[in-house]
Structures are given as C-alpha cells and as structure tokens.
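Working notes for the structure below.
Naming follows writing order (A, B, C and D), and every chain is counted from residue 1.
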Amino acid sequence: MPITPEQQAEIDESRAAARPTLRAVSEGMEERLYKAHPVLDHGIVRVIDYMGNDSAITQAARVSYGRGTKSVNSDEGLIRYLMRHWHSTPFEMCEVKLHVKLPVFVARQWIRHRTANVNEYSARYSILDREFYIPAPEQLAAQSTVNNQGRGETLQGAEAARVLDMLREDAMRSYDHYEAMLSQDGQQGLARELARMNLPANIYTQWYWKVDLHNLFHFLRLRADPHAQYEIRAYAEVIADITRDWVPFAYAAFEDYRLGAVQLSAKGAEILKRRLAGETITMENSGMSKGEWREFEAIWGQA
Amino acid sequence: MPITPEQQAEIDESRAAARPTLRAVSEGMEERLYKAHPVLDHGIVRVIDYMGNDSAITQAARVSYGRGTKSVNSDEGLIRYLMRHWHSTPFEMCEVKLHVKLPVFVARQWIRHRTANVNEYSARYSILDREFYIPAPEQLAAQSTVNNQGRGETLQGAEAARVLDMLREDAMRSYDHYEAMLSQDGQQGLARELARMNLPANIYTQWYWKVDLHNLFHFLRLRADPHAQYEIRAYAEVIADITRDWVPFAYAAFEDYRLGAVQLSAKGAEILKRRLAGETITMENSGMSKGEWREFEAIWGQA
Amino acid sequence: MPITPEQQAEIDESRAAARPTLRAVSEGMEERLYKAHPVLDHGIVRVIDYMGNDSAITQAARVSYGRGTKSVNSDEGLIRYLMRHWHSTPFEMCEVKLHVKLPVFVARQWIRHRTANVNEYSARYSILDREFYIPAPEQLAAQSTVNNQGRGETLQGAEAARVLDMLREDAMRSYDHYEAMLSQDGQQGLARELARMNLPANIYTQWYWKVDLHNLFHFLRLRADPHAQYEIRAYAEVIADITRDWVPFAYAAFEDYRLGAVQLSAKGAEILKRRLAGETITMENSGMSKGEWREFEAIWGQA
Amino acid sequence: MPITPEQQAEIDESRAAARPTLRAVSEGMEERLYKAHPVLDHGIVRVIDYMGNDSAITQAARVSYGRGTKSVNSDEGLIRYLMRHWHSTPFEMCEVKLHVKLPVFVARQWIRHRTANVNEYSARYSILDREFYIPAPEQLAAQSTVNNQGRGETLQGAEAARVLDMLREDAMRSYDHYEAMLSQDGQQGLARELARMNLPANIYTQWYWKVDLHNLFHFLRLRADPHAQYEIRAYAEVIADITRDWVPFAYAAFEDYRLGAVQLSAKGAEILKRRLAGETITMENSGMSKGEWREFEAIWGQA
C-alpha cells in the first residue's frame, strides 16, 4: 500500500482548495495535482506544482508581451519546429515539481541527471519506514547472456522462490537490526546517520524533484527507453503519461522527434542511401564493426 | 517610454483573466504578474510566471504529503534556520520567470549567472528597435581614482554635455546605418546577423529569464550590492522588491543572513575577539595586508 | 594582425619550457599548446592547458587503477561504443582550456553554452583595444530570402562598398569617442564601465574558456554546423582541428556518430522503411508538414 | 586492506613513467599522483590527473598571453584578493580528477554536489567486491540528544559489541546471498542489476570524480566542517591535504576566507558593534531567536 489513509486525507484536502490565479494554467495538469500515482509495489509519483503549458513555450520563443498564443495551430507548428531544430531554451521555460517515493537503487540512477533540484528525506535526521521493493515474479529476471548490463529470461520455480525468500528475509532482518540499533530502550541508541548503513538498496526513500521540461524530456528519453532498467522505466512511464496531459503538443513532438526517433551515423546514412539506390549491403562491405552492424540490422532489416 | 500602448493592452488583457488553480499561490506575486516595472530609461521587468511561495519552501524541506504549513510561525522559524545553515535545496523549489528589457552591456554581465534559463530576442531573426540607454546626468560618473572598476564623482558642465552628445549621436548614427544596411529598397540588403554588429552596447535587447529562488538570491546578493555597476543594480533592486512580495519570510531571512551579512575571515574574527577582550589592534599588529585592513576598518571602525 | 611581437615572444617563451610530468600526455596537443591559431581578421584560439587523452576516456569508463589502455584497438572500439550509446560521462573526464579573442557578437552566441568556465577580459577594469571585425568581401552576404536567420547571396559592387565603409567608419568613430570620453587630459574622464557602452558589437574581446570534452563536442555539433553563423563557425572549425589532434579516436567517433549523423523522426524512419520496401512516398502521403518534408527531401532525395 | 598488490603494481608502473609536457606543473601534485591515500577501513583517494596551479589562477584572472606569474608575491596577493571578493571564475580554471573508493551512504551525500563529473563503477555491469565499512569503536556514536542530525557520546560495552556484530553479520549474510543469487552454478542466476538491491549502504563502491577548484573548495567547506558526518569528513580532510600541496596560495586563502571564516548576520554584526561600543547584550535585547543566540554565543562568548 503506497500511502496511508492520513496521507490520502492530506491529498484530498489539498485538492479541495482551488484559488484564482492569473498564471498560465494546464487543465490536464490540474487534474493530476497532488494525486498519488502508484509505481512498483510501494512507490508513488505525485505532481506538487507546475509552471507553464504549451502556450508558455511559444510565448517564450517569441519573447512576447502577451500570452504566446496567436492560434492553436501556430502553437503546434512552432513547437514541432523548435523540437526538430533542437531549440531547447523555450522548453526550459516550463517546470514541474514531483514528490517521488522510490527504492534507493533507483534513486542512485535517477540522481545522475544533474540539471534538476532535489530535496531528499534525510535518514540522518529521521527514521526510514519499513518499506522495501520486492520484484513481482514476472520481473525476476536472469542475467542476460548477450548484454552485460541487461536481463534475460524470467527465473522459474525453486530458484525464483529462493531469490524472493532471500530478498524478503534480508530486508526484514536488516530493518529489525536497524530498529534494534536505534532503540533507546535500556541502551544509548546508535546515531541515525550510522544505523542507516545497515539498510539494503531496495528500501524506499522519497524526495521532491524539480526539473524543467527540456531536461525532463532528456530524462524520459533515457529512462523510458527499453534499455533502461525496468524499475526506473516504471517511473519514467508514469511521468511520461503525466507530461502528455500537461503539454500535449510538446509531448507529441517529443514522441516523434526524440522517443521514436532513429539516430543514423554518417556511415549508417550512407548505407541507407546506397540501399535506396538499389545496392545490397552486407556487414562485409558496410564498413561497420560487428556490434554496429547488429544494431543497424535490428532496425533496418537485412537487404 | 518603456512600452507601447499595444503592449500595455496585451498586459491588461493578461491581467483580466483569472482562472482557478489547485497550486500554491502567492497573493503578493499575483498583484505583480505581467505588469511592466520600469528600470533605467527604456528598460522593464515583468513577472511572467512563478512557482511556489513561503510554504512551498518548508513543504519541500519536510518532504511532506500535504501543504507544508503547520503554522505561520513554524514556517518562518524553519525558513530562517534553513537560510542560516546554508540548506539551499528547499529554496531551489521555488521558481520565477521574468521578461526583462535591458541594455546589451547589462545583459552581458547578467548572463554570467549560468544556473538559469534564458531565451533572448534574436537579432539574427528579427530587427532590433531604436532604443538606447543614455545615462541620466546624475549617473554620468568619472572613473574612480581608488577603484579600477568603479565610479567616482559625477561629471560636470561641458564634459558631461560632450559625453551625452557623443553617446546620443553615435547611437543614432549607428542605428541609421543599421537600417540603411538592412534596407532592401533598391539594394539586396545585408543579412540581419551581420548588420547587428554595427550596434553599440547600450542598445536594448530583451529576454525571458527563469531562475530558482536560491540562485535568484545569489544574483541579488552580487548585483544589489553597492560594488555592482549601477545599471545592473537598478534591475536587481526592482527584482528584490518583487521577491519581497513573493516570499516575504524567505526574503526577510535573505536580508538578515546574506544581504546585510558580514563575512569575517579567520584573521578578522580573531581581531574582533581581541578587541572585545579590550586589546587595541592596529594595521601593524593585525597580520592583514593594507587592502584587507582598509576594508576591515571601513566596517568595524578604528580602535 | 592578431597578436603583437611581445605576445609572440611570451608564447615562444612558454613553448620553450618543457618539464616532466606523470600525467597522461597527448602528443598532438603538446604540439598545439600556446600557439596563436588565427581566426577571422583579428581573432585567435590558443590552447592554454588540457587534461586527458583518448586513453583517459577508457580509463574512466573502466574506473581502473592503472592507465586505461589495454590495447590501442580496444581503446578505439570502446570509445566508439560509448559515443554510439550516449555514455557521456567518460568524455567529461577530459578537459581543455582555451584563450580566445573574438568579436563581442560572437561571444554573445558562445556564452549560451552554460556548462563551461569563462573568465573574460573586463572592460570595467581595463581599456579595450582598437580592433574590430570587418567581414571579408566574400562573407558580406545578403539576408536570406528563404531562412529568416540565414544568409543569401554575397553583396556586390556599390552596396558592398557602402556597407564596408559604414562598418569601418562607425567602428573608428565609436572608438575615437570612447577614447575621448575616457581621456583625463583636461577633463575628469568618464568611468570605463560607462564608456564601453559606446562600442559596437564587432569590437574584439577575449576570454579564457574551459570546457570538458563532452560539452565541447556539443558546442562543435551546433557551431560547426552549416546552419551556424559563419563567424562562430570559423572558431568551431579551428577548435575541431585542434580536438582531432588531441583525442583522435574520440574525434573520429564524434564525426561518425554526431557531426555527420542524421536524426530521423519516428515518421521519417517509417517513410524510409516504406521506401526500402519499394513504396513511393510523396509529401501528400507522408504525414509530414511542408517544412518537414522539404528538410527530409533535402537529405533523402525524391522517390 | 584498501588495495591489492596487483593494484599497487599498476600504481607503481604509472608513477614510473615521467614524460615531458609544456603545461603548467604543480610539483606538490606530481608527488601525489596515482598514490592510494587510505581513508576509513577500506576507502582510498587517488589523484588521477590535475590541470593548473597557483599561477594558472592569476594567469586566467589577467587573461594573459604568457604564464600568469609576474612574481610570486603578486600571485599570492592577487589570489587573496580574488578569494576575498568572491571572484570565483579564476579558481574554476583549475581542475582535478580523483579516483575514490567509498561506502555507498557516503557516495549518496557526495553526489549532491552537482557541479562535477562522475563515472561510477556499475553494479549493473559488474559484480561488487566484498568490502564493507565497519566503524572503528571510537566512531560508534549514540544519537545526539541536542541535534537531530548529529552524534553524541561513543557507545560503550555490550551495546557497542552488539552493534558491531549486527553490522558485520548483516553485511556478510547480504553478500553471501548476493553471491548465491548471482550464481549460475546449477541455476539461471539473477540479473546483476537486481541482485545488487540486497546489498546494504555500507558496501564500498568507487568512482572517478572530476571537479574544478572553486567547486572543490565549496565541497571542502561543507564536508570538512565539524557539522558534516564523520565518514565524509574523513574524505574531505584527505582531499584538503592534497589540495594544499597542489595550490598552496589558493588553499591558504581558502583557509582564511572560507574554512575559518565567520558569517555574521546583519543582526549579529549590529550586536558586535554595540558590544565593541561597550554595551552589554543579552538574548533578551538581542532580537535573536533562542537558537540563533545559542549559535552566536558559542562563537562570541557572553558579555
């Protein structure tokens, strides 16, 4: 259960209090505000605040005095143009603030995106909750045999059961000992900043994370990608859905020009041109290494 | 005249359209939104959007589920604590977007603050307006004789008149030639991206500038400082007033712990302790260089 | 003349003094150090310092204890893999520091690359030299009739002569007045921080610019691109040559995967697949807008 | 034992190979290069590369053509001036690259310093070593009773023994299970990116970390501070010693103006002035809150 009834009550209270503003509003995002979107077994994503909408992007691109919109059509066309030509600064003019509950090993990947603002729950100052990520059976995957940093088949039977037992028992025992070390009942009680070192990387932490739309798109491109680890991808997919509601034109342009885009090397572009001209290209006459050729064929097929 | 009647009409229209939002609202900032605050002779500062208020700072610091506020008192106390102990991330959770019209030489200082988002009016794409900063007579200062990068006395009489004439005439002639080079009337017309090179640094440009509250405070500390060049300080002071209306508790803490603060070196702190103990310290027994001692005495007086 | 004999003597002196180091060395870069590479009419690019070489990239990727190199072959293959898969952090592990002399309007474009360190010659503190960029006749281009921010045909005859006269005369007069305003001969002398506002954007400034290799590649991709303004491209091309000498494997990978790469939108990739399958696609059944189709056809031709 | 004999052999080999360079050299840093400086029980700090020295700071500040040095004296004076007046860009012109082995909970604090380049050993790709931080008995501290995020007295006797037993046993058991889950001996073997989630936060990781001198000083000011957690402070102190050898003038200025500096609020400065004038100030007439007054008195004593 990701959130408690008390937390839900706080959310409901926050959603009850609409107030007038002169700022740009995104109807799709107002619908999302504060709600706890569940991710994994105990995780959540909540929108705490946002700045701007599709029109704010074109308004910034035009450095205009009034609202950016001349017409809905011209907004969409300009947004697509800006995305296609890598004009990133207008997209930086939108901002979103999220409250995220996530396992520590996911947080460690996430934080590598440096152009963002983060305020994490402090385990020096406070005591962490007894909440651990335990993979669902269908996510319990073997090491990939072709990719050093990927997953292969799902674990089966006794092995799967063994793994789940170990993860669950180690989590519970570590937390029991965490509590035992902290306890001031008949003893001094270890400092919180030390006791936390006993907790495994599947414990949940939480943070406020604030990022501009350009850098959010960069995060989504890398983390909603099939090569990303499943657990962070689960968060990226929820955030992608939210972003589609927030800035529908910008999101559609992002899908076409980034998420679904294909990057061709100079060599790759040359090969495609030769193929279009009727030539047959094989790995041998491609000039590509084995690895490159395999990746190229996976997209463009054989010819 | 900083803005045209058409621009004022666009501003009035923007201010007429309040809409409901579930987001955190700052009443002081709603009052400021879109209005053109004049700076120098043709410059403006306009608030285009904002995210967060004082409560949003404490809400982020607590990584809370509901609104941050427990009570107004505890918000103020926590904000002062965070500022005093250099906990900067909660202040990064507020954001503001400004539309600024400013002379190019001011823009060149401003842009050195790298942790911000900027979208500038493009003189490759568009034609700049005939608007130049000409200092008011009381700002027409001589080179300082003690500070290589400062101002001294105000210029007087014939010299002041000569300077103003040169600035005005060169600005007008440069702009006349800019127009003449661009003109396609009977000639090809020089590319805009080239023609702009003829324009002097007192021409006005404009941009959208977006920054978080922590970095805005850093900007204000450096640029609202008496050592900052007057022209950028004029902008910083207007923005400081706006910020006070936006986040009154945070601004008060900033005034006490940053703007009005005094930084003592290890040596300086030692000297003050000796003075408090009744000792008389002179430059000779201070261990400070001449320059340091002069700066120290300017604050702490002789003893 | 980009540099004076005194400056050349300082450069020669710097190049005379080799000293032993245990650090990674790039022979190609040692050859470049300190030399003044000319750009435009008075500009220069000088390498002041560098950190790392091709091996340092793979060494960081492997977080290794010794030098990164297992073999030259494996270095090259790993560097290509890292570039192809957007693993940017190993490239951030190389750094370069340049001394650049450049026109102010070029500096204003350049500074938009925020992830770099800059120390600019201060016109508040010092007096600028009388050096202005005046385009060579073949660079004196008309405004493009198809691209709002581009150049068209070269200006001819009387118009070209008129433009050059205006640029030269305005530059000289502005500088004469700059000197006249600063002069303390029989007058107080205007503050340097004010007098500089009279100088046009083609005056030369200079700075130290330090950047990591990943961000340098990003700079080169945008600024060595045919759509970049010629004047900044001239700098990017010189820096690209220097970078090729510094990290030859990384530069070759950059050329293949970035500089010569082609980005296909989801739509564009779909169209190419249909073409490869023998279908004829026109703008009408492409699903692309007119602008997108024009850009697509420019690369892939008609079919 | 922080490093293996094989690693030491790689280090020795790296230190054996001096080569000529034209770049700025720091003798103190050449002495440090590659060596494994031990920290905590299994941690290390190694200098992998550096750029610049004291003279490079003044050379950048002057945007000079030759080496920065006019004289050793003027270098020192200028560096102190730059530090005192918060001119940070010349310090950004030096860069250092470190190889650090550190517990994960320390890495999580460290990574909050965003203006740096990091390449971490990947536990998705590789298998972590069986190395855990176990605090020395004198570092096994109770929770502070006055500071929510600090340490109090050292744990004694049976409680200390119990804590150490739990930390050691949980670390070993977690690692045993990590190995058991990964094993492909008679089973598929869990993906490395999943198995790592069972490891506690005191396991050691390692990374390459590259940062400029300005941001390094900021890191040292926060992390070599008595309020920083002991474990990260241990790293900061080793790096501080290294930095003193690298840029002795800059480090001395940093010690005087940052590390040993005292920040006075506007209120605090006012109180000191009144005290110097002979007045007696108490908490009641200070205008400070209880917390502020306690911190003020801790530095300035009673009067």
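The rule is simple: contacts are C-beta pairs under 8 Å (C-beta built on N, C-alpha and C of every residue); 3 or more make two chains touch, one makes a residue touch a chain.
Every value quoted in this text rests on a predicted model; they were computed, and no experiment measured them.
By the document's definition of touch, common neighbours of chain A and chain D comprise B, C. Taking B-C and A-C together, the chain pair joined by more C-beta contacts is B-C. Inter-chain centre distance (chain A to chain C, centres taken as mean C-alpha positions): 33 Å. The mean-CA centres of chain A and chain B are about 35 angstrom from one another, to the nearest whole unit.
Look at where the CA atoms of chain B average out and do the same for chain C: the two points lie 29 Å apart. Touching of two or more other chains is recorded for residues 118 of chain B. Touching chain C in their complex are the following residues of chain D: 3, 7, 10-11, 13-15, 17-25, 30, 33-34, 46, 48-52, 56, 59-61, 63-67, 89-90, 92-93, 95, 97, 99, 117-121, 206-208, 210, 212. Interface of chain C with chain B (complex): residues 103-105, 108, 111-112, 114-115, 118, 122, 124-125, 133, 135, 140-144, 148-153, 155-156, 159, 162-163, 166-167, 170, 173-174, 177, 180-182, 184, 187-194, 196-202, 229. Only residues 77, 80-81, 84, 86, 222, 255-257, 259-269, 272-273, 275-276, 289, 291-292, 295, 299-301, 303 of chain B touch chain D when the two sit together in their complex.
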